[in-house]
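I've put the structures underneath this note.
Both complexes below contain chain A, partnered by chain B and then by chain C.
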Partner chain A sequence: MTFSVGDRVLTVVDNITGHSRLPRYARGRRGVIEAVHGTYSVPEEAGAGVNKPRAGRVYTVTFSSAELWGHPAEPGSSVRLDIWQHQLQADETMPPGGHHDDSA
Partner chain B sequence: MTTPRDRHDHSAVMTRRVDRLEASLTRLGLLQGEDLQALTEGFLSRARPSNGQRIVAHAWTDDGFRDRLLDDATSAIEELGYSMREGFQSHIQLRVVANSASVHNLVVCTLCSCYPVALLGPPPRWYKSVAYRSRAVSEPRRLLDEFGVDLDENVEVRVWDSTSELRYLVLPRRPSGTEGFSSEQLAPLVSRDALVGAALAAPPALC
Partner chain C sequence: MSRIHDVGGMHGFGPVTVEPEQTPPFDHLWEMRVFALMKVVIDRRVCTLDEVRHAIERMDPSDYLGASYYERWVAGLEAVLVSKGLVVPGDFEEL
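Up next is the complex of A and B:
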């Protein structure tokens, strides 16, 4: 599955012991695809010395501060992270109130 | 609690690691003699904050360049003679994000200290601190306030955590009172810190 700008996504929750570019504060969080980039070596493989690491597409994903830190988060702020495709899945859920809190 | 001794020990461990790595690379024939030192010095000799100042000043005075810079910075900076391919990691891409009346951008690397080194040189010391790396994402407004960046509460703060092979550079707002300035006059108004959103471009009176 590939994603497009505006798609709602959910980051994976994993607990790998080696190198990962998905910081813990952004695991299991809901965001929106802000930009679609090229493909780059999967860091979990490249960082572990895998001879020919897979390449994966990278997306910039926007997370509201409330989604990352809970309430009360600083108002009017958001964090964008570059995330590889294998750490994203489509977010099919509808949060309470029927809309996502994407307001920055 | 970290003591000066801990820091010293950490530094000693890192020095030994680097020495071992260098010895291994030499043994494998990947490095010869002073190569490493020469490579590092050659790389950093062209990287300095003034490159970023020049890019910003050019974007302020040339709308076409500004559009190309925001669309594809990796290509646009080549118009000014810069290249992201000069670094040790030739696949690194540059993205420039613009401040406006309603948006302020701040760049951080929470995992380590990713920064457009090939363009700007080494990052400021505070950029690598745990305090900056954690607070930039969890309380950016308070952090910016402490840095003296006075933002209206209606201004949205966008924090960019450099977690992939993209590096971020902030295009600050052009200060008022600079109408008719040339790009050479504008460049000094852009501090190194403004290039990552940790400061605003200075009004001309303060320079």
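Up next is the complex of A and C:
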């Protein structure tokens, strides 16, 4: 599964024990794909000294500051992170401000 | 789980200071040597930058917090090159 610009994604909360580019504050958080990049060596494998580490797609993901930091966050601000595909999954929940259509 | 380097969002470290640019961009001669050594081992595929990062992130937490940026590079490089049998502990003391 690959993602496209505008897709909503959720980051993993894996028990990461090796080298990872996904900071703790952004694990298990919801963001939006802002850019799709090429493929790069998977850091967990490259960091472990694997001879030929897998290459994985990298995306720029935008997180609202409120999603990362909660109420003290500066309104309207956001954080962008480059994240490998294997640490992202599709976010199927309602977007902020979204609502169920109960009229039917 | 995360390690000591992963301090994003943590309070108590004070403001981030931005130092004025200087040429060369090093405070000490040994930092320039460490930078050159890192470039050589990566260009020659002795190890990857991610292996050095992994080694830096495995530093003892109190050592990590007490070390400067390039002191961490030395610790990480030494750990990786020792693990590959290319240097012995202490080889970098004369940098």
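Keep in mind that, in the parts below, the second predicted complex is superposed on the first by the 95 of 104 C-alpha atoms of A that agree within 3 Å, B and C clash if a C-alpha of one lies under 4 Å from a C-alpha of the other, contacts with A are read in each partner's own complex, and residues count from 1 in each chain.
FYI, a contact is a pair of C-beta atoms (placed from the backbone, for glycine too) under 8 Å apart; a residue touches a chain by one contact, two chains touch by 3 or more.
Source: prediction; values computed, not measured.
In the superposition on chain A, contact of A:Y25 is made with both chain B and chain C. Between chain B and chain C, B touches the greater number of residues of chain A. Contacts of A:E74 after superposition on the shared chain: chain B is touched, whereas chain C is not. In the superposition on chain A, A:H37 makes contact with chain B only, not with chain C. By the touch criterion defined above, A:A46 reaches chain C but does not reach chain B.
In the superposed model, A:T17 lies in contact with chain C only, and not with chain B. When the two structures are aligned on the shared chain, A:R57 is found in touch with neither chain B nor chain C.
Once the two complexes are overlaid on the shared chain, A:H86 sits clear of chain B and of chain C alike. Once the two complexes are overlaid on chain A, the chain A residues touched by chain B in the first and by chain C in the second are 23, 25, 68-69. Residues of chain B touching chain A in their complex: 91, 93, 110-111, 137-142, 153-166. Chain contact summary for the complex, chain A toward chain B: residues 21-23, 25-26, 37-38, 40, 58, 60, 65, 68-69, 74-84, 104. Residues 1-2, 6, 8-9, 47-51, 53-54, 57 of chain C touch chain A in their complex.
Interface residues of chain A facing chain C in the complex, by the touch rule stated above, are 15-19, 23-25, 41, 43, 46-49, 53, 68-69.
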